[in-house]
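Several structures are given next for inspection.
Below, subunit A partners subunit B and then partners subunit C, in two separate complexes.
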Partner chain A sequence: MKNPAHPYSSNAQKSAFPYLFGLFFLLALVDSWRRVGVDLFILFERQGRDNLTKFVTGMFPPEHSAQFLSLMIRPTLETIQISVMGTLIAIAIGFPIGILATRNFSVGGILNEADTTGAPTRFALRLAIYYCARGALSLFRSIPEFVWAFMFVRAVGLGPFPGVLAIGVAYGGMLGKVYSEIFEAVNPRPLEAIQSTGANKLQIFFYGWLPQVLPNFVSYTLYRWECAVRTSAILGLVGAGGLGQQIEISMRMFNFNEILTILIILFLMVAAVDYLSARVREIL
Partner chain B sequence: MEQYRLEQVVKIFGRRQIALGGIDLAVRRGEKVALIGPSGAGKTTLFRLLNLTLRPSSGKLWIDGHEVVNLHGKKLREARRKIGTVYQQHNLVPRLKVIHNVLCGRLGEWSTARSLLSLARPGEVEAAYQALKQVGIAEKMFSRTDELSGGQQQRVAISRVLLQAPEVILADEPVSSVDPTLASSIVRLLTEISQNTRKTLLVNLHSVDLALEFFPRIVGMKNGTTMFDLAPDKVTDDLLEDLYSGHLPQIERDEITDEEPGPPILQ
Partner chain C sequence: MTGSPADKKNPPMPWPGHEKAGGSSVGNYLIAAGLVVLFIWSYHGSDIRLGELFSREGGGQILAYIKKLFPPDLSAATLQQALRGAIETFAISFLGTLMAAAIGFSLVFFASRNLMYSGLLYEMEPGRWWKRALRFLPYVSAKSLLNVLRTIPEMVWALIFVFVVGLGPFPGMLALGVHTGGVLGKLFAEVLEDVDYQPIESLQSTGANRMQILFYGIMPQVLPQFISYTLYRWEVNIRVAAVLGLVGAGGLGQRIHIAISLFLENQLLTYLIFIYVLVTIVDYLSAYLRRKAI
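Up next, the complex of A and B:
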């Protein structure tokens, strides 16, 4: 709007919703504080303090013998492999379902071409597909990766593969949801203009649609890959291979200095992925 | 030879939002026509029917003597290729380089494979350069489109139409987002292109002055119908007052978001 002469005139009817929501949020906060038992002082009481000190001092110096480090090479590579494969499966799940879960695509057609006026059954069918896709994505991501891994370990046995599947499914749900939001934001006007030159659907896709979604698509996917590196470590705890499994072994042996080494390796890996994705975003 | 013939063309959005209520219009080849009228008169909807983005709800539409209402697939794309459109908001792809936006004009001619290849290594660079030179921004050829000003982007959009080399140019409010001096030069550019290449030109204009200055035929539209269809010297102040009556005066009218009946429907 070029000249907002009456900036508030459009919200003339004030809604009570923001106030109600604020009140609800405040009550929830107070209630959570009381029930979860947030008590920061416990950290400084005798027993807590002792355990904490034992853990932290036990970590230093980090284990750096050549033998231990060379032992860590394989699990480190495995962690990277799990995160890469898991993310690829997540894209393969998230992209198609994400398209179906984009309202204006699944109800209006991928380039808004579906004309459902006067065809209520077709409209209902498309709406049903949309809700099914959304439901599937919610299901995939509402079950924690940890639980997925637990189930897949039962199904396919110990090792990296259940970790890959767990990340693939859980992250597929997250990617699909964010993809659908990215797709929702595509401006249809340039697509209409390209169509009016006589272009076919594929040409419209590559010239109008892809350039609009690509930057967000790539940057969010890379961010998820970064998360997958971390998650693959946690999944190791239930026997899904990688560095996580090493953490678990060291925990059991109370070798806290080994844990610190593994955490440093994890940190370096996450930092490396972050650097890589920053470079890719620059190019785009 | 007739470029366009419309008989009782009606467009209804959704159940009962009547955007066009029975338009009759004939445009000869090479003719220059300006459409004027208040926001919401149905001008943009009419243009989207004329460039075959929308189908009429009822009525008949001929282009070049061919009925086009029921075209599909390849035939429809071929018909669209002969109609170039300049849009109010340029409708360029912001993240693409200028040259690719200009080359979009060739997509109707190119195969899918060729268009993909062109994204990696632009084809017909010389033609794109000439088109950009004609509108005076050849040096921006390899800039990213969203780095250009509004007026420059509108020139890129005109270059796209030049590369498309259509028989008809439709310009939907081409100058409502640029300043007045630039507006006049863009309208002049469009009429010159039409003059030099004998292309039919239809323009929607907010500015009555520009319409009267540059066009030999003025069509006034209001509430989805044509009010008058006259030479500029026959368009009296009374007619104009009647056309815009019941609507807000010029300055405030700009505030209203332009007529946008529903989402763009691509077929």
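Up next, the complex of A and C:
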């Protein structure tokens, strides 16, 4: 708006973006459409329609025999156990690596400025540790938990254990990253105050650092636990225990009424976990 | 510095903010005890064999597996497969997110309370109970439809659609679109429900009808947030699209499934690298577009 005679001149200069964006958008749309093989009418053709009606009519009524329901108790509990243990391992992985991946904890900042000024080798060493930790976290997090689960099934065999490891490693990467972000956002003044009283590093950590970050830690970890419950419920599709394995079996046998039952159980379980975690967050 | 979280939360600190928090209450101990019980129960239930993992044999197995991953298979055939898979994954996530935005956008106006039956737009309405009920009905059905779409995980949707329309990337796109449609519908509804009322009120006082209020008072407020939520979900979807193939729904996941099943670890590493690059590109693209949109 510098030039009142041409009030829209600044817009006119930017105007290449919408056209370019539109062009790329259309290109991506057309290409993706062809590549994915979108066939909107398949649902109305004979084959697709038959499959759909078979599926929908097969779902009702949901399987509710006492035998099947009692069979489902164990996998349901197992799903929750996998999520709890997975989250615990994720904390065990994410917390130490997250600390190392915090710049103002491992490289610079108050804790280290006395150590590293005038000691370039020590500084370089700490920087190297910092970058290694960041790289490890990024690696853990960028491989999807399904691929982790699949690989762990190969490594340690079928069952809930590979699911625990998959959630632990993948979520460890995510937790570590968020932990380090929370760490980096702490207010340095209380730390300085504690340092000026002559406290050592551990004391600074426990009395200056932890009280500041703990509420955020707990609430983010709880949120991740909610996600872990959802994930562990379907990790079984690749053989890692829990309800997903039952979904896979029922789908293979075309027992769609069992699928509906499992989905209802899943819904109730996720709702219960969300409620529980909201209550815990309230108390804390 | 004893182990219980209650102690860590309330260290005896002379700060004013912590004085009223006081010592540990019974509730804190109860939570800590409950957590310990939960952990023990889960440990026994989930068949954890950490000892095996760190034993010489188990650890050696994992190390051997990692060694087998290297070097990545960079032959032309694999690279071509990986590239094709990556583009397919991109296409699945792109179309799936578009479909989700369409589903969310078309359902959200029925699923937000303040547009359907209460609030400023309706307070002048004479209170006929059946009219209100008539408005309430689409609200409830849209809301519960979104809930159903959202509750069923993408992977299960993918299984269902693979059964209905056959293998390939198309069921993957449908699965992403349907599940994310439910998620976006909920997010959009939340945006709509805390829209700023002042512009709406002033439009209403000029005598605008409800359609006009929707287009001139509400849409300009919510559209940027709709776009930014959609882009955010796109970032999530690219990660999901990369693994949907594990249940037969195309993309890189399908190649990964084959590579793991046939013990082609070198190829697996190539595909993992492609996933990493693809996810990073989409993250940057989405961040860029979000900056442009807002």
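Assume the second predicted complex is superposed on the first by the 207 of 284 C-alpha atoms of A that agree within 3 Å, B and C clash if a C-alpha of one lies under 4 Å from a C-alpha of the other, contacts with A are read in each partner's own complex, and residues count from 1 in each chain.
Note that in this section contacts are C-beta pairs under 8 Å (C-beta built on N, C-alpha and C of every residue); 3 or more make two chains touch, one makes a residue touch a chain.
In this text the structure is predicted, and so the values were computed from the model without any measurement.
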Touched partner set for A:Ser70, first subunit B, second subunit C, both or neither: neither
Subunit B versus subunit C as contact partner of A:Asn104, first or second or both or neither: first
First (subunit B), second (subunit C), both or neither touched by A:Leu191: first
Touched partner set for A:Ser15, first subunit B, second subunit C, both or neither: neither
Contacts of A:Phe55 with subunit B and subunit C, given as first, second, both or neither: second
First, second, both or neither for A:Ile234, with subunit B first and subunit C second: second
Touching partner for A:Phe206 - first (subunit B), second (subunit C), both, neither: both
Subunit B versus subunit C, judged by how many residues of subunit A each one touches: C
Contact residues of subunit A, present in both the subunit B and the subunit C interface: 206-207, 211, 214
Subunit A - residues contacting subunit B, complex: 1-3, 5, 104, 108-109, 111-113, 115, 117, 188-200, 202-204, 206-208, 211-212, 214-215
Interfacial residue positions of subunit B with respect to subunit A in the complex: 14-15, 51-53, 77-85, 87, 89, 91-96, 100, 104-110, 112, 115-116, 119, 157, 160, 164, 252, 254-255, 257, 263-267
Subunit C to subunit A touching residues, read off their complex: 1, 8-9, 11, 13, 18, 27, 31, 38-39, 41-43, 45-49, 52-53, 58, 61-62, 65, 87-88, 90-92, 94-95, 98, 151-153, 155-156, 159-160, 163-165, 168-170, 172-173, 239-240, 242-243, 246-247, 250, 253, 256-257, 260, 272, 275-276, 279-280, 289, 292
Interfacial residue positions of subunit A with respect to subunit C in the complex: 17, 21, 28-29, 31-33, 35-39, 42-43, 48, 51-52, 55, 77-78, 80-82, 84-85, 88, 142-144, 146-147, 150-151, 154-156, 159-161, 163-165, 206-207, 210-211, 214, 230, 233-234, 237-238, 241, 244, 247-248, 251, 259, 263, 266-267, 270, 280, 283-284
